[in-house]
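For reference, the structures are reproduced in the following blocks.
In the two complexes that follow, chain A is the common piece, with chain B as its partner first and chain C second.
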Partner chain A sequence: MLKFIIPTIMLMPLTWLSKNNFIWVNTTTHSLLISFTSLLLLNQFNDNSLNYSLTFFSDSLSAPLLMLTMWLLPLTLMASQSHLTKEPLTRKKLYITMLITLQTLLIMTFTATELIMFYITFESTLIPTLIIITRWGNQPERLNAGLYFLFYTLMGSLPLLVALTYLQNTLGSLNFLLLQYWAQPLPISWSNTLMWLAYMMAFLVKMPLYGLHLWLPKAHVEAPIAGSMVLAAVLLKLGGYGMLRITSILSPMTEHMAHPFLVLSLWGMIMTSSICLRQTDLKSLIAYSSVSHMALVITAALIQTPWSYMGATALMIAHGLTSSMLFCLANSNYERTHSRTMILARGLQIFLPLMTTWWLLACLANLALPPTINLIGELLVITSTFSWSNLTIILMAMNILITALYSLYMLITTQRGKHSHHINNLTPSFTREHTLMALHIIPLLLLSLNPKIILGFLY
Partner chain B sequence: ILSSQHPPNSLNTLIEILPHFAQAEWLAVRSRLKREYLLQYNDPSCHGVMEDPALTRWTYARSANIYPNFRPTPKSSSLLGALFGIGPVLFWYYVFKTDRDRKEKLIREGKLD
Partner chain C sequence: MNPFISIMLLSTLVLSTMIVTISSHWLFAWIGLEMNMMAIIPIMMKKPTPRATEASTKYFLTQATASALLMLAIIINLMYSSQWTIMKLFNPTASILMTMALAIKLGLAPFHFWVPEVTQGIPLTTGLILLTWQKLAPISILYQISPSINLHLMITMSFLSILIGGWGGLNQTQLRKIMAYSSIAHMGWMTTILLYNPSLTMLNLLIYIIMTFTMFTLLAQNSTTTTLLLSQTWNTMPIMTTFTMLTLLSMGGLPPLTGFMPKWMIIQELTKNESLLLPTLMAITALLNLYFYMRLAYSTALTLFPSTNNMKMKWQFYPTKQMTLLPTAIVLSTMLLPLTPMFFILL
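Showing the complex of A and B:
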């Protein structure tokens, strides 16, 4: 694992010591090379994990997420080039340093063996993200957004620290690989109920669960593009990853405790999808769509069947790539019109036809078109919730319908129809933007050829 | 029009008593706005989207500056909140709980596979 962490840390001296014209080229190229080394992780065993040392391991659940994280760093660097052109040099390098710090912490989170190390790096990812949102966001609401983001997530995860120290005291070690074999069935009692809540709250706030999702639209909308991309694609998946890991030691209590959260996420799925239909702000629409997709992952993680775990991991990877691509597309609109209002930049197919291709592919992936991995994830989740209880099919079907509605609404408003008359002086698309979109959609389409690498450890 | 349902205030009375005066005011405002728009539209050195302050106010009223522009009434907040926020959650909780308990009982008795 040091073969990923040390090069990523070394990207920091690379940014500070590069020549002025070369910081973007150097960092993007080197982070792309590092992401290619992550392909070594494709050698996954089904049940066993690849143990690099006493402190790091990767298995079929963390490997795809790790590959996603490392793939995303060059993409975020490419996306941030344009809005940072006017900044002084030191601030540009600071921004890149924040992204690299975030990347290192994320790599360590996804590969941590010891659960306390997982917790520490999980919390530390909040700090670079907070700095990126509050320092480089564009509207004065970013301060409020940073506050909501930091304190919601912090308050949710403090009980997790208490629960982990309790577990360390009772079991002696928090090494995750040993924990899987030492875990005993939890009897149902009030204190165990509180402990279950303590474990799960951190991840439920991070996912986010419907009732605790207020931080997400604010943080996603106010963050600059790299912040939005990393937030949507990776940070939400930290919650999903944590839930999928921690439920293995919490059974069988989950069957009784999970009902309120299952209902909240099932109903929240429909509520947030419906809110998307009424949004005027493009980034806000994509943020609410993230909540809706993650509610599916929460449902799948709480049901704890093999198919639902496969669906959850597939959905996480698929949503990471799709949502990040949608934010990049929204950012390409924002850079031209300096406004996030959808109706300001409508009918763009006439002006930017190649960008329309990317919009089409992203919206089709978002509505889970076959044969993308979005569909595979959703299908597995829907069939497993159907077997859990037949009536969930009503809610799931309504969600698919509304998801299709708002994805097509987003596509048609931004691309089709009569353009507003004053946007005939838009700058044409840059090759960098096309590369960015292509690098998002090509892994997504290639994964539909071999989805078993993202189906997690129960395949 | 001057009925008990519309308590008279100064603006109401003016528009009713002097309709042509209000129309002329509106015409002046609209022609000023249109002139500013056409100046920007035909200006070759104007680069980018022309800003519409009314649109900016509208988006802020919808997203960030809600409180001055929205008054929560019992119908809009309590009824809607109960109907869409609390009611369905409780309803689906009981639905799924009973369905799941029924299934668990059948599984324990061996009648379901």
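Showing the complex of A and C:
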């Protein structure tokens, strides 16, 4: 695993020592090359994991997430080029350094064997993200956003630290590979209820669960584009990854405890989708749509059936790429009009027709059109929740409908219809932006040809 | 201050702490603590402003009371054990009295009221001595009597300290008062683990001293004592803003910085002793501390604080203040987490 971590760390000297004109070129190219090496992880065993060392391993769940993370760094660098043009050189390099630090910590989180190592790097991802949001965000609300983000996540994850230390004292080791074989069934009792909550709250806040989701619209909206991309695409998936890992040691308590959270996520999925229909702020719409998609993942992770785990994994990867692409599209609007209000930049198909193609593909992916992997994820989750309880089909059907509604609403408002008068002099799309969108959607479409890779470890 | 007097006072200060730590006779330790108090009072009065006089008087009164209580506890111990050796105490009354006396000396809640007021009245470097060096002597005595300390009293005082250290610092803009409340909270963490594993108290004390030293030295570079002044460091010394932010985050206990290490170790030790609710509550209460550190980090490094245009155009002179040990201290207070196993060998 050091073959990924050390090159990523070495991107930092690359940033600081490159010539002035070359910082973007160098970092983007090299991070793209590093992301190609992550494809080596696809060579997974069916019934085991790739164990590289005592501290790092990768199995069919963490490999696609790792590939997503590493693919995203060049994309975030490409997306940030334009809004950082006016900054002095040192601050540009600092920004890139923050992204690279975040990337290193994310790689270490997804490949950690020891659960305390996972915890430490999980928490450490907060600091670079906080700095990116608070230092380079654009509105004064970003201060509040950073505080909400930090404190919600920390409140959830400090009990996790206590629970993990307790687990180490009782079982003797927190090595995840051993834990799968050593785990004792967790009997149902009041103290075990608190223990279950301690394990899960960190990930539920991170996902986020509907009642604890207040930090997400704030953080996503106020973050600069790279922050939004990495938040939506990867940091939310940390919660999902953690939940999928930790539920394996928490049975049979989960069937007993999961009911309130299942209700919250099922209801929240509909609530947040409905809110999307009434949003004026484009980034806020995409943020709430993230909450809605992640609610599906929470539902799937809490039901604990093989199909639901496959659906959760596929949905995480699909949502990562789709949501990141939507944020990039929203950012291309923001850079031209300097406003996130949707109706200020409508009817763009006349002016930027090629961008409309990307908008169309992103919105179609968001509403889970066949044969994209979004559909595969959602279909697997819907079928498994139907087997858990027949009534959920109503909620799920409503959710699909409302998701389709707001995705098309977003598409039609921004692209179709009569254009607003003040946007005649929009700058045309840059090749960099087209490359960015293409690099998002091509993996998404290619994965629909071979979704086996992203279906996780219960395939 | 006249350099001869200064040397005499500082050497008495060092000597007194050494006397307390190496002594095996209770009277000798008591004498060391008295010398400590006497030596630091003139240092606190370096600039004889009324505020400094008030701070010194408050310090003297509280510490003298604590010494008297300590002497009472020593005598009661003598009555019940007929010997003056510093070891665990032989009578619960003596133990409770001594714990409370040392809590007054350290500034643990509910005896914490003197810490913010005294720290605020004295210059920054003296505040540094007050919050770091002065803690060594009482903690060394606590370490030695730790087998006989009443658990309930200690846990109550320490949890209360963490709460009050967190809550009290929320409404402060004066940096010295913020550091005082931070000291109260950290003392709370240190004394929690005293009855389970005293080596971790020492570890926490060491890391706390390093971080507080870094923080005070950074503040003293620009002579900043208020948040407003702190927000102007980006103008004169931009790199200090990054260091201040990192040190503040480390003091808040965020991984992967050093400040996470004592908290993690203490939580681990407490869970080994079957108490799970206490470390959870302590960890969550420490988030209050993190909130006001974050506020400082915001005003220093992450935002441009509102200021008049005059202040935005300061001359950037070469720094003339000595930055004693600052680079070392900064590295130690932010990058020591991977070396956690090393500390178990040291202690």
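Brief remarks follow.
FYI, the second predicted complex is superposed on the first by the 459 of 459 C-alpha atoms of A that agree within 3 Å, B and C clash if a C-alpha of one lies under 4 Å from a C-alpha of the other, contacts with A are read in each partner's own complex, and residues count from 1 in each chain.
Basically, a contact is a pair of C-beta atoms (placed from the backbone, for glycine too) under 8 Å apart; a residue touches a chain by one contact, two chains touch by 3 or more.
In this text, all values refer to a predicted model and were calculated from it rather than measured experimentally.
Of the two partner chains, chain C is the only one touched by A:127; chain B is not. Once chain A of one complex is fitted onto chain A of the other, the partner contacts of A:433 are absent, as it touches neither chain B nor chain C. Once the two complexes are laid over each other on the shared chain, residue contacts for A:339 go to chain B alone; chain C is not touched. Using the contact criterion defined above for the overlaid structures, shared-chain residue A:378 touches neither chain B nor chain C, since it reaches no partner. When both complexes are overlaid on chain A, the residue A:169 reaches chain C alone and has no touch with chain B. Once chain A of one complex is fitted onto chain A of the other, the partner contacts of A:280 are limited to chain B, with no touch recorded for chain C.
In the superposition on chain A, no contact is made by A:114 with either chain B or chain C.
By the document's definition of touching, of the two partners only chain B reaches A:392; chain C does not.
Touch criterion met: A:135 reaches chain C, while chain B stays clear of it.
Chain A residues in contact with chain B (one complex) as well as with chain C (other complex) do not exist. Interface residues of chain A, counted against chain C in their complex, comprise 105, 119-121, 123-124, 126-127, 131, 134-135, 143, 146-147, 150-151, 154-155, 158-159, 161-162, 165-166, 168-169, 198.
Residues 249, 254-256, 260, 264, 267-268, 271-272, 276, 279-280, 283-284, 287, 290-291, 294, 298, 301-303, 337 of chain C are the ones that touch chain A when the two sit in their complex.
Only residues 139, 141, 259-260, 262-264, 266-267, 271, 280-281, 284, 336-341, 344-345, 388-392, 395, 421-423, 425 of chain A touch chain B when the two sit together in their complex. Only residues 40-41, 46-50, 55-56, 59, 62-64, 84-85, 88-89, 92-93, 95-97, 99-100, 103 of chain B touch chain A when the two sit together in their complex.
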